[in-house]
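In structure tokens below, several structures.
In what comes next, chain A is part of two complexes: it sits with chain B in the first one and with chain C in the second one.
On to the complex of A and B.
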């Protein structure tokens, strides 16, 4: 018994481990104060009624959750989050794949094209969102003007002014930011596939489409999984684009789960509702990030 | 291969079309930032200004206090970079090189934290920041901005440390260096590319950060660029020719920095499947 505790002590408290704890201590302290404690506090808050200053007033059990789940707007926000994330990731994925294929063709100026494709990702998200606000401007914006003059769309909507078009316009900006990530990751993957595979496939009479599906896609399968998960999390979490473009309006039409946390708290001053939204969002994110972590570790171990 | 040749004739025009769509807002920015007021608000809108209004460049610095916002952004981003590096590098070294109980858990936690949106803790962060008396202070933004890149940066540095052969370090240990000395004198110099990546990433994150600045900064003197430009639009008469000029200037530093780390960033995000 004494031996067992001694060896356990040695395992936990030897010079090497001690150094490790010292080196990790600053990170741990900051994370506990500004991340773990706040998460715990959000959980606590979700069981309390709060006042307009976000102080806890009294314990109400699950009442806040029941409140939120009976509110139609909660389910609308959840549905919007689902549409926002799934279609957003799908479009980013497809566009990224097309661009990666295009960049994988050898021609002069390919490097410059690659650099140009990165710009939407490299750019600052808040600033990009502001620029898009000007682009979408119903009266003076160059988007509608260009669509009309070029004959592509004679009567385009006022974008951010009406519910459906605002949702699509916000989604497009989020998609636009996320495309280069997929393109670059897929391109990097494609370039690591040995050229001989394509050559022998060609000898066997396989065309470009056939070799894309039987060599390229399997060759970057792991990258596809990990980048899709990552992009799904980012897309789901995109607060900045919506807040800057529409502040979740008009008439809540662009309010998704992540924005409703902020709107509940700092616009409605219902911090208890915001806490419930945070808890729900936290749980969803945790599930997805556990999946991501598993993929990542499996890949690292290979 | 023959189809490679044909592919080129398809790829180049398609690339140009897609680039035109993707770079559209930046074309608009460039078109607007040197326009005069009447040109900016012409109906129908025009792409090419009737004359180039160079004075816009001066106006944003003189009338709109751009220098003050730049300075605030710079202080916050540099502070966050320093703090972030100071806490990430030791943590990454510990995870990469030392054996201790809880190492796996620490790695798992870091990877998960990376996924969290600051929005879900913003209401309680507000309380924490208020309790520390850090509302409307640079300190709040520096700490929070540094913190929300800790996971990713520790992860990246850990990757760099792991690529350094253990023999080098062991030789130094035998020669009588302490652990801390091997870290600062041997590991860090080799891991400089990683260190640069991590620092630039922290800087870019802080420079672009919006939510914390929106929530915690109220005085104009401490406003970073992102919030300053956002508030600029909020007003009833937005002068978009000045705003696009300011946006252009605010974008230059991050674009330059992003290109430096872009390849390593992709490799870091995608894990072992891409080599940096």
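On to the complex of A and C.
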């Protein structure tokens, strides 16, 4: 027992470990102050009734959770979040893969094309959303004007004015912003695959599609997994696009969990309800991440 | 050697202490959240800031421009974070929410008698239980503006407005009436019709306090049904009206495509900025047949935030700003009738627009000063959107809104 304790102490408190603690301390303090404390505070808040300044007024146990779970709009927002995230990530993934393949082919102007594709990703999200707000403007917007002058649609709709079109329009902006991330990650992965593999496969009679599925996809599998997880988390938490374009309207049709948190906190000033939804969001994302991580590490170990 | 180093260090320390001691004492700094009203210019904001900072020997002001739509969130965040500005423009209807958390202070204790005596008593909507909790900065009734290139008749009732709008609607060149179909930070566009139908947002108890929400009263249902009829059946409002907030949509009026619009005092300056040339008539917003005239009047105020450090200095700044040279100019830029008695004497305020505003103010009603106004705002907008989208009947949508408001207010 004494040996085990001494061994553990030696492991955790040797000169090298001490240096590591010193070097890690600033980051740890930063994380505790700006990450863990707010997260813990939101968890605590979800069990309290708050006033309009988010001060804790009285302990109410699970009452806030029960209240939210009985609210139909909460479940609608959760469903919309699911559709928003799954569809958004799927389209971004597919489009990103196609673009990465195209950018990986050698042709004149490839560098310029790569630069062009990176622009949506490099721009700030609020600025991109504001640009699209003007593109979608029903009277003066570029989209409707183009549709009208090209004769494709004499009287196009107000894209942000009807529930379905508003949801799709918001999702498109999120996709437009997110595609370059996938494209760049996949492209980087594809460029690290030795060219000899493709040449050997070609000599063995494999066509481009077979090469793609048998060499490219396995070659970038890890990147696919990690980028999909990151994109899913970002997409689930994408507040800017919806808030700027529709403020979660019309009639709540673009209200997802993350916008619902904001509306509860800063429109209704119900910080306790917002805390409940934040906790739910946090738990959903944590569970997804843990499952994903286990799957990822199991594969890696294999 | 060691002695010499110690001596030098000691001397350096003495010099630093002496310099710090002699350094001029920093003037108290006043932060002012300044709402970006239509018509206000950056030059004017900067000129007020510079003029005060030059003239004041014992205070400095920083005027922070904030978009109106972001103001409430920014303020709530600042107050909740314990770093409120000394003063801020607020919607007067927000004051009760701030009072419920002891966040705002009575203003008269910080202002000079001369400033207080110069405020138009009729504009002091922020007086709560005898205490003035905000000094009025902008107050104006809403009116009906008529583009005379499209429409000539001045409707006396809402029913006449519908008939007139039907007459002049010739899409896509001209639409009879502008209607906001997309929610934004103000509930004004529903309130025009709701007040015109004789509605009250809350029942009033015997002691004058507000009880349950009555947005789903007969008046509410009548108002929302009428709005839906104008938009969906008569189709006298602009095409794709559910895509337009007030900010997005008013440019259609300035562009000469709308006959009638219910709007505020900024219409004249906004039209000039947009280069609109058509002749305009101004009138009071009509009521429904058989109902008393009742438009909407809106006041915004400057509130003093309790937890800020330099409230006395903030009072000095407000005294400075409420001189005619600055407040009078501010009023003319934003187009709201002056809230000070001296500025109201300027000939600028004798135009037909301001005569219409004054006439409308005689019968106009303000927002209810009620705790939880924002929930009402949000829920009533949701009800309007559901009706406009065909997702609910006016009665069902407003019942749900009233229930949500009562629940949020703990009733």
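Everything below uses one rule, namely that the second predicted complex is superposed on the first by the 266 of 302 C-alpha atoms of A that agree within 3 Å, B and C clash if a C-alpha of one lies under 4 Å from a C-alpha of the other, contacts with A are read in each partner's own complex, and residues count from 1 in each chain.
The working rule: a residue touches a chain if its C-beta (ideal position, glycine included) is under 8 Å from a C-beta of that chain, and two chains touch if they have at least 3 such contacts.
All figures in this text were calculated on a predicted structure; none of them were measured in a lab.
Of the two partner chains placed around the shared chain by superposition, neither chain B nor chain C is touched by A:242.
In the superposition on chain A, A:266 contacts both chain B and chain C. Legend: residue contacts after superposition of the two complexes on their common chain; A:100 is shown touching neither chain B nor chain C. Of the two partner chains, neither chain B nor chain C is touched by A:256. In the superposition on chain A, A:19 makes contact with chain B only, not with chain C. Between chain B and chain C, B touches the greater number of residues of chain A. By the touch criterion defined above, A:184 reaches chain B but does not reach chain C. Look at A:91: by the touch rule set out above, it reaches neither chain B nor chain C.
When both complexes are overlaid on chain A, the residue A:171 reaches neither chain B nor chain C. Using the contact criterion defined above for the overlaid structures, shared-chain residue A:54 touches chain B and also reaches chain C. Overlap of the chain B and chain C interfaces on chain A comprises residues 54, 137, 139, 266. Listed in rising order, the residues of chain A touching chain B in the complex are 11-12, 16-17, 19-24, 26-27, 30-31, 33-35, 37-39, 41-42, 45, 54, 95, 98-99, 102-103, 105-107, 113, 115-128, 130-135, 137, 139-143, 145-146, 149, 176, 179, 181, 184-185, 188-189, 192, 198-199, 202, 207-208, 220, 222-223, 226-227, 230, 233, 237, 239-240, 243-244, 258-259, 261-262, 265-266, 271, 274-275, 278, 281-282, 285-286, 288-290, 292-293, 295-297, 299-300, 302. On the chain C side of its complex with chain A, the touching residues are 72-73, 76-77, 79-80, 97, 100-101, 103, 181-184, 239-244, 248, 252, 374-375, 378, 382, 385-386, 388-389, 391, 408.
Looking at the complex, you find that chain B touches chain A at residues 1, 3-4, 7-8, 11-12, 14-15, 18-19, 22-26, 28-29, 31-32, 40-45, 47, 86-88, 90-91, 93-95, 98-101, 103, 106-108, 111-117, 119-128, 143-144, 146-147, 150, 154, 179-180, 207-208, 210-211, 214-215, 225-226, 229-230, 233, 240, 243-244, 247, 250-251, 254-255, 258-259, 262, 266-267, 269-275. Note for the complex: chain A touches chain C at residues 51-55, 137-139, 155, 157-163, 247, 249-253, 263, 266-270.
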